[in-house]
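Next, two complexes with subunit A in common: one pairs it with subunit B, the other with subunit C.
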Partner chain A sequence: MELIFEKSRDGRHGVKLPDKDVPAEGRVPARLRREKDAELPSVSEPEVVRHFTNLSKMNFGVDSNFYPLGSCTMKYNPKFTEKIASSEHFADLHPLQPQLIMGGMLTQGALEIISNLEKLLCEITGMDVFTTHPMAGAHGELTGVMLMAAYHRHKGNAKKFILIPDSGHGTNPASAAIAGYRIKTVSSDSNGVMDLEEFRRKIDDEVAGVMLTCPNTLGVFNPHISEICDLTHEAGGLMYYDGANLNAIMGKVRPGDLGFDIVHLNLHKTFATPHGGGGPGAGPVGVKEYLEPFMPVSRVVRRKDGTFALDYDKPLSVGYISPFYGNFSVLVKAYAYIMLLGKEGLVEASENAVLNANYLKEKLKKDYEIPYDSNCLHEFVVSAAKQAEKGVKALDIAKALINEGIHPPTVYFPLIVKEAMMIEPTETESRETLDSFVDIMKNIARMAERDPGKFADFPANMPVKRPDEVKAARDMDLAFTGTEKGAGG
Partner chain B sequence: MSYIPHSQKDREEMLREIGISSGNMDELFKGIPEDLRARSFSIPSGRSEYEVMEHLKELADRNTTGLVNFVGGGFYDHYIPAAVDALVSRSEFYTAYTPYQPEASQGTLQAIYEYQSCICRLTGMDVSNASLYDGGTALYEAAMLAIRATGRNKIIMDGGVNPIYRKMMYSYTSNLNIEFVDIPVTRDRDYREKIYAHLDAETAAVILQNPNFFGTIDDHTDISEKCHEKGALVISSVYPISLGILKTPREMDVDITTGEGQSLGIPLSFGGPYLGFMAAKKELARKMPGRIVGATRDAEGRRGFVLTLQTREQHIRREKASSNICSNEALCALRALIYMSLIGKEGLKKVARLCLDKTEYARERISGIRDVEVKKEWPTFNEFVVKLPRNPNEVIGKLINKGIAAGFPLGRYYSSMEDYLLIAVTEKRTKRDIAIFSDALEAALWS
Partner chain C sequence: MIPEDLKYTRDHEWVKMEGGEAVIGITEHAQKELGDITFVELPETGADVSKGDGFATIESVKAASDVYAPVSGKVSAVNEELESSPELINRYPYGQGWICKINVDGDPGAEGLMDAEAYAQFLEENEQ
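And now, the complex of A and B:
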C-alpha cells in the first residue's frame, strides 16, 4: 500500500483551521526560524480516513482474530470502558490543574478514581499501598527495582545483585540492569520452576532482591515459593513479583500473602485495557507498608474532610518516575472493568482462563511435545522440536497460523524451551474458537509430517510474506526520504 | 459476567476433557498448596454496565473542565480534529499487540514507519524510534544513549529544561554513577559561559530545551559547536508545534532530540497516556532505545515493514539491552501521525503562526496592566513569563472562579520566582478569550 507521503499533493488540506482574529503579529528573528518547511503530507480528510482505515485492515486484533499470544493476555477489551475514558471530563483535564490554588478541588473525581483503583489493586494482590504512576509493565519493574535501591540505601545495605530465573521476561534483567544492579541468573529445574538448590547457592547478603513471575512463563506455579521468600528475606533481600501473569490467579492466590514485597501489574493484560498495537499500557506498583515512604511522588491522599489531595512531601521517595499520575485514561478503563466484574467476575475470569489453557494443552499434547507437562495455569508452552526435525520450525508454524487467520502464540520464548510456542488463550474465547484452533494445529502437525516443504508458502493470503529482516537491519531504511515510491527499494 | 462465552454445560464438558469430573472449577488450582491460597479477596460485587457508567459519570462530573486554559508548562490545549479520534477507534489498531508478526501487523508497522518519517521531517533528524512513554522519559533515555555512545558519564543540564523532566532525570539515575551539572536559570547570555566552564573530556552531553520552560526561544548552534569540539553530544527537548516555524534541532547540529508529542492530537487526559518521541543522527541508530520499524522487501519483492535492529532490545539482549522498554505508546504515536497527516505541511505552519500571533496579542494586552511586568528581552513562541505585583496564587484563585486557568505559578518549581506566572496561548484561544482573561487579571489585581 502507498505511503501517506506518496498520496501527498501540494495545496491539499485535511483540517480547516480558524482564521487569525488578533491584530498583533508575533515576530521570530530570521536566525531562529527553520529554513525549509517540515515536509508533512498534504492530503484531504477523506484521503486520510481511507488511508488509515485501509491500513487498519492489514492488522490482526482481538476483535477480529484469535490472538493466543503467551504472556500478553490478549483478552477482549470491553467497549463501554472506551466510551467512559473518552468523556471530556477526563480527556480535557489539564494535569497541572491540581497544582493551581483551588485547582485540586476541580479534579476531585479524577483523584478519587486513582485512590479507589489503588485500594482495589491492594486487595487483589494483598499489598498495602499502590502507585499508579508507572506507564507500562517494564516501567513498573524499573520503579520496583528503584524502590529496592532506595530501601537498601536508606538501610545502609551494600547490595549488588538481582537474582532472576532463566525463564523470566527479558524486561526483568533489563530493568534491573538500568537501575544499576548486576544480574545473576538461576536455572530452571526439571519441573520448569526455579532450581531451589541453585537458588540456595546464589542467594547471599549481596543480593538486593529476587524478581519472579508466579505462575512463571511456562504457566507453572512454584511450590517452593514460601521458602524462596523466606530465604531472600533472611539474606536481607526483597521479593519482586512480575504481575504479567496475574490473570491466572485472581482471588486464588495473592502475591502479598506469599511473601512478595513489591509487585507490578499490567492493566493492559489482566484488566482488559487495550494494547493499542504496542501501547499505551499501565504498570501500577504495589508494596508492603514498610516501603511506602519510598514510593514515587505525588501520592493521592484523603484529607479529614473527605476531599482528595496530592502529597509531594516525601523525603525518602524515589522521586518522579512519571510527569504526573501515570497513564490516567488507562487507569479509568481498568477501574471500570474491575467495578463491572467485581469479586465473582474476577475469580471467574481467572478460572476460565486456566480452564481454557488446560483444555488446549490436553488437546494438543498428542501432536506437540509439551516439555513441562504439569498442571498449567493460564498459559503453557509447547515445543515444535518434533516438527523441527522435519524442517518445520516454530516460526513456520506461526506463519501457517497467520494463513488461517490466527495470531500465532509467542514464539522462541521462554528461552529454556527449544522451538517454544507459548500459548495463552484467555477467558474470553469460546469453546468453538478453541476447538477450531486445535483442529488447525493438528492439521499443521500432519502437514509437517507429510509435506514440510509447503510451509515456505505461508502466509499466502496476507499483504506481505516473510519480509526480509536481515535486509531491514542492514539497509536501515527507517524513514521515508523521497516524495514518490521508493521506500524499501 | 466477565465477557466469558462458556455456558455451564460447556464448562462441565471441558473440565471432564481434562479429567475433572466434579465440575468444580477450583480443582484447576489444586497444584497450589492450600496454605498459599488468598487470605482475603474483599472486592465489591460486580455491577451492571449501566450502573458502572453512572458511577463513572458521577466521578467525571466532579472534574471541572472547560476552563479557558492559559496553563501550558509543556502540556498544551490544542485542537484535535475529529478524524483523529474516529481513526484510532478502529479496533484493528487498538486491540492489536506489538507487531512481532509482520504479516499480521502491516497496518501498525506501516503507520509506525510513517510516524518515524514525520518525526524526522519535523525535527530534521535522520532516525526516529517508534515512541517512548513521555517527553520526560524520552529525555532520560537520550541521556543514557549519549552515555553509551560516548563512553562518558557527565551530563550538563540547562536550568531551562522542564523542571518535571529534570526531576524525572534525577530520579531515574539516582542509583547510577552519573555526574550531573545543573546550570542555573539566568536571563542573560552568560549561561553559555557557565555551560562551557563545565564542558570537558568527561562530558557525555549537554541537555537543552527549545523553547525552554519559560517559553524563550534560542539558537543553540554555537553550543553544539563547542560540545562537538570536546566530543560531547547535544540533546535538545523540543515542542513539536513550534517546529512549524522554529529552527530545527538538526539545523542547530543537535545530536539527539526528544519531546512530548501530546500537542500532536493527544488529549491532555490528566497526564497520560502521552507520547515521548526521540530522533537522532543516523550514526546513533544502533544504540537507540525502543522499537524501530524499517522498510524492507518480502519474499515476493513487495515492500513491507518489520521491527528492526531488535538485537538492541530486552527480549533478545536481556540485561545488555539498550533500554528495558517493551510496551510503548504506539496508539499515541498513531494519533500523532494522523494529526500530522490531517494538519499537513501548511496546517502546521498555520497553527504555529496562530499560536505566535495570539501570544503576542496576550503579551501586549497584559503588559498594559499596571505594575505587571512582561519579560520582553527574549523572543518567545507561545508561552511567556509575567511578573505580578503580588503572589500569583491569589490571582489564580480569583480567575478560576471566573472559569479561567490563568497560568502556572513559577514559584512552585523556582523559589526565586514566587511572583512570576507562566502563561501559554494556543490556537484555541480567541481574541475574546484573551481580552476577557486580561481584563479579569487586571480586575483581580486592582479592584
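And now, the complex of A and C:
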C-alpha cells in the first residue's frame, strides 16, 4: 500500500486554509522558527478517507480475530468502558486542575475514582496501599523495585541482588538492573516452577528481594510459594509479585495473603483496557502498609470533611515516577470494568480463563509436545520440537496461523522450552472459537508431517507477506524522512 | 564437530587459552539454538569481569541472551567486526565469530570447564 506522502501531488488539497495574517517575523524568535516548510501531503479529501479506511481494514486485532497471545492476556475490551472514559467530564479535565487553587473542587469525581480504584485493587490483591501512577507493566516493576531499594536504604540494609527464576519475564531483570541491583537467576525444576533447593542455596542476606510471576509463564502455580516467602523474609528480603498473570487467580488467591510485599498489576491485561498498539497501558503498584511512606507522590487522600486532595508531603517517597497520576483514562476504564463485573464476575472471568486454557491444552496434547504437562491455569506452553524435526519451527507455525486469520501465540518464550508457543485463550472466547483453533492447529500439525516445504510461503493471504526478519533486525530504517528513503543504519 | 583444543561451559561458551589470554566465543550448538544473530553487545576493552558474569549480549531473531564469562580477568580485546557483521558468529562460531579476549587473573583454572568429550556428552544428556 502506498504511503499517503506517495499519493501527494503538487497543488492538490482537501481543505482550504485561511490566509496567514500573523507575521512570524519579529514575534517568534528565530531559533524557534522552522527553517523549511513542514512536509505535508497534498491530497484530496476522498483520497484521505480512502487511505485511512483501507489502512484500518488491514488492522488485525482482538476486535476482528482470535488473539491467544500468551502472557499478554489479550481479552476483549468492552466498549462501554470507552464510552465512559471519553465522557467530557473525564476527557476534558486538565491534569493540572486539581493542583490549582480551588481547582480541587472541580476534580473531586476524578480524584474519587482514583481513590476508589486503589481500594478495589487493594481488596483484589490483599495489599494495603496502591499507587496508580506507573504507566505500564515494566514501569510498575521499576517502581516496585525502587520501593524495595528505598526501604532497604532507609533500614540501612546492604543489599546487592535480586533473585528471578529463569521462566521470568525479561522485563524483571531489566527493571531490577535499572534500579541498581544485580541479578541472580534460579533454574526451574522438572515441574516448571522455581527450583526450591537451588533457591535455598541462593537466598542470603545480600538478596534485596525475589521477583516472581505466579502462576508463572508456563501457567503453573508455585506450590512452595509460602516457604519461598518465609525464607526471603527471614533473609531480610522482600517478595515482589509480577501481576502479569493475575487473570488466572482473581478472587481465588490474593498475593498479599501469600506473603508478597509488593505487587504490580497490568490493568491493560487483567482489567480489559486496550493494549498492543491500542494502549496506553497502566501498571499500578500495591504494597503492604510498612512500605507506604516510600510510595511515589502525589497520593490521593481524603480530608476529614470527606473531600479528596493530593498529598505531596512524603519525605521518604521515591518521588515522581510519572507526570500527574498515571494514564487517567485507562484507570477510568479499568474502574468501570471492575464495577460492572463485581466480585462474582471477576471470579468467573478467572475460572473461564483457566477452563479455556485447560480445554485447549487437552485438545492439543496429541499433536504437540507439552513439556510441563501439569494442570495449567490461564495459559500453557506447547513445544513445536516434534514439528521442528521436519523443518517446521514455531515461527513457521505462527505464520501458518496468521494465514488462517488467527493471531499467533507468543513464540520462543519462555526460554526454558524449545520451540515454545505460549497459548492464552482468555475467558471471552466461545467454545466454537476454541474448537476452530484446535482444528486449525491439528491441520497445521498434519501439514508439517506431509508437506513441510509449504510453510515457507505463509502467510500468503495477508497484506504483508513473509518479511525477512533477519534483514529487518539487521538493517533497520527507523527514521522516515519525507518521501525519500531514510538514511538507515 | 566440537573442536578438541577448546574448553567449554554449561552455558555453551568456548574458551581457548593462548598464554595468559583466553579467547572466548559461543559454540556451534549455541548459535544454532539462537538462530540468525542480529546484534552483539560487546564489553568495553579494559573492563573487569568475574567468572559467571554476563558480560556480553547476543540478540537473535528469537531472543536476547547473555554471554557468561568462563574465566575472571580483564577484557584485553573485543571482536569489533561483530558490530557490523554479527552473522560471523552463525557462520564461524569457533573462528572469525570469536567475541572477546580476557587477560586471565592468576591461574586460568579449568575448574567447571569441560573438554570436548565432556561437552559432547553434556549436549547429549541435555537433548533428552
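One rule holds in what follows: the second predicted complex is superposed on the first by the 445 of 489 C-alpha atoms of A that agree within 3 Å, B and C clash if a C-alpha of one lies under 4 Å from a C-alpha of the other, contacts with A are read in each partner's own complex, and residues count from 1 in each chain.
Criterion: a residue touches a chain if its C-beta (ideal position, glycine included) is under 8 Å from a C-beta of that chain, and two chains touch if they have at least 3 such contacts.
These numbers come from a predicted model, not from an experiment.
**Q** Who wins on subunit A residues touched, subunit B or subunit C?
**A** So, of the two partners, B touches more residues of subunit A.
**Q** Who does A:A384 touch here: subunit B (first), subunit C (second), both, or neither?
**A** Touch partners of A:A384: none, neither subunit B nor subunit C.
**Q** Using the superposition on chain A described above, determine whether A:S87 touches subunit B (first), subunit C (second), both, or neither.
**A** First partner only.
**Q** Looking at the overlay, what does A:A473 touch: subunit B (first), subunit C (second), both, or neither?
**A** both
**Q** Determine, under the contact definition given at the top, whether A:V392 touches first (subunit B), second (subunit C), both, or neither.
**A** neither
**Q** Across the two complexes, find the residues of subunit A that touch subunit B and also touch subunit C.
**A** In the superposed arrangement, which is not itself an observed complex, subunit A uses residues 170, 413, 469, 473 for both subunit B and subunit C.
**Q** Residue numbers of subunit A touching subunit C in their complex, please.
**A** Within the complex, subunit A contacts subunit C at residues 170, 395, 411-413, 415, 469-470, 473-474.
**Q** Can you tell me which positions in subunit C touch subunit A when the two form their complex?
**A** Listed in rising order, the residues are 36, 38-39, 59, 61-65, 86-87.
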